[in-house]
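Two complexes, one shared chain (chain A), two partners (chain B, chain C).
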Partner chain A sequence: MSTIRQLVVPAKHDQLAQIASFVAHGAEEAGFEEGLVNRIELAVDEACSNIIDHAYEGTMGFIQLEVTVEVRGSLKIILIDQGHSFDPNEVPVYKPCQTLDNARIGGLGLHLMRQAMDDICFEFNVPGLGNRLTMVKYL
Partner chain B sequence: MIATLNVRESSFAPVAPDGEAPRKPIPVLTVAGRLDASTVNILERALMRALMQGTKAVIIDAGEITYISSSGLRVMLTARRQVRERGGDIILCALSPNVRDVMNMVGFTALFTVHESLDSARNAAARIK
Partner chain C sequence: MEISVKPLKHVDIVSVTGRIDSATAPEFDNALKGLLERGRKKIVLDFTKLDYMSSAGLRAMLSALKAAKNGGGNLVLVNVNERVRDTLILVGFQSLFLQFNDIVDAVDSI
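Up next, the complex of A and B:
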């Protein structure tokens, strides 16, 4: 049996804590331990920060979240926005470095999202919807 | 719900060995709360003030950071680059499991000097000349 919850917030940085709390509640309900709850929060935080900074570029917009909880099974998170699309393949691939000199900051957020979640799927300009990001974490 | 981050700014003066000039106070930033895109400017400003003091070492006591995102990592990396240009170091201490996990995910624990306790970080900072 699954539970679906939805939240719509303005695409602003001051909404990140509320988004994190909403997602953490679902992750805990699904049965994830604290460390993984933190990672799931992180993935959603990075995704929402990207939407705010790059999709909407600081202009007014909204982020719609849908969290599907499968107790003792998985957590699926869908983020929908109506901002600019982007090509994830053009984002620099972050590579952890051993020295400060060659450490690159670009692509850090996307790297964290991929590290934290099991599945990530970007869809852009979906008719009647906008951009949709689906992320899944399995228990 | 609004994220909160508190940064307490203090410093300590390392004891100079006999015959050596007195050492500049070393800034210590005690950071508590949620370090995300909405709060990172608080740490960024505190780091700028610490770096403007001209010391070679800055300690970030991260024991009370409950959450960190890439925004916080970027600011710390940028600050460390600046302090390294003058031959110094930013020393992190008392990382919580969540912060350490995120830093490990991006390989930052290999880039930063990390100590288990504030006392250990102070001793390491005092050795930087």
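Up next, the complex of A and C:
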């Protein structure tokens, strides 16, 4: 038994607050406490920002979100876009910094996504669909 | 997001309300850069009413901290809520930014 909700929004930064609210609702319904709801929002926010900035590069497009709340206690979030693909392995691996001198910000968004979620799967150029990112968080 | 800047004699208190995400981070970044470019290098970020921050805001904060310290100043945080503190911890920034629970202590620290 699961509940699935969908949302389609223009790939624009001004949609991020609405996306966050949509995702937070699903996370709360799944039973996540506030701190984890924030982490889930963060992961989706970073993913959507990457889609807007890098996949569509500011051109017109849409982001399709699908949030699945599993009764047994997990949240699955699927993001679909039709923008440019990328190789996650080419994104610099972010290393948390100890001092200001070695503080770097490359790969920060992807790092936050990986820290916040339990499973992340990128699929690119899926026939008839586009790019699909699946993220799962378990209770 | 709303930003207000309260200039004291040597320190500026920047209060942020709402969300700092990719939509609002440029305004936050510009506010900090504006102060730094005017030689105001001692900044207290009052996050009492900040609900949320993404990596876009973290980048602006890190850039401003580096610029402030390079100019002999500092950038410190006051009243960071649990959500934002958790985000800072996830990226290892908690060791880079001094944090206070009292604005007077924050101002006195720089």
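One rule holds in what follows: the second predicted complex is superposed on the first by the 138 of 139 C-alpha atoms of A that agree within 3 Å, B and C clash if a C-alpha of one lies under 4 Å from a C-alpha of the other, contacts with A are read in each partner's own complex, and residues count from 1 in each chain.
Definition applied: a contact is a pair of C-beta atoms (placed from the backbone, for glycine too) under 8 Å apart; a residue touches a chain by one contact, two chains touch by 3 or more.
As the structure is a prediction and not an experimental result, all values here were calculated from the model.
Overlaying the two complexes via chain A brings chain B and chain C into a clash. Of the two partner chains placed around the shared chain by superposition, chain B is the only one that A:S21 touches, whereas chain C remains out of contact. Once the two complexes are overlaid on the shared chain, A:D81 sits clear of chain B and of chain C alike. Residues 13-14, 16-17, 20, 34-35, 38-39, 41-42, 45-46, 49, 52-53, 94, 96-100, 103, 105, 108-109, 111-112, 115-116 of chain A lie in contact with chain B in one complex and with chain C in the other.
The part of chain A that touches chain B in the complex is made up of residues 13-14, 16-18, 20-21, 34-35, 38-39, 41-42, 45-46, 49, 52-53, 94, 96-100, 103, 105, 108-109, 111-112, 115-116.
On chain A, the positions that touch chain C within their shared complex are 13-14, 16-17, 20, 34-35, 38-39, 41-42, 45-46, 49, 52-53, 94, 96-100, 103, 105, 108-109, 111-112, 115-116. Within the complex, the chain C residues that touch chain A are 19, 21-23, 52, 54-56, 58-59, 62, 65-66, 69, 82-83, 86-87, 90-93, 95-96. Chain B makes touch with chain A in their complex at residues 1-3, 34, 36-38, 67, 69-71, 73-74, 77-78, 80-81, 84, 97-98, 101-102, 105-107, 110-111.
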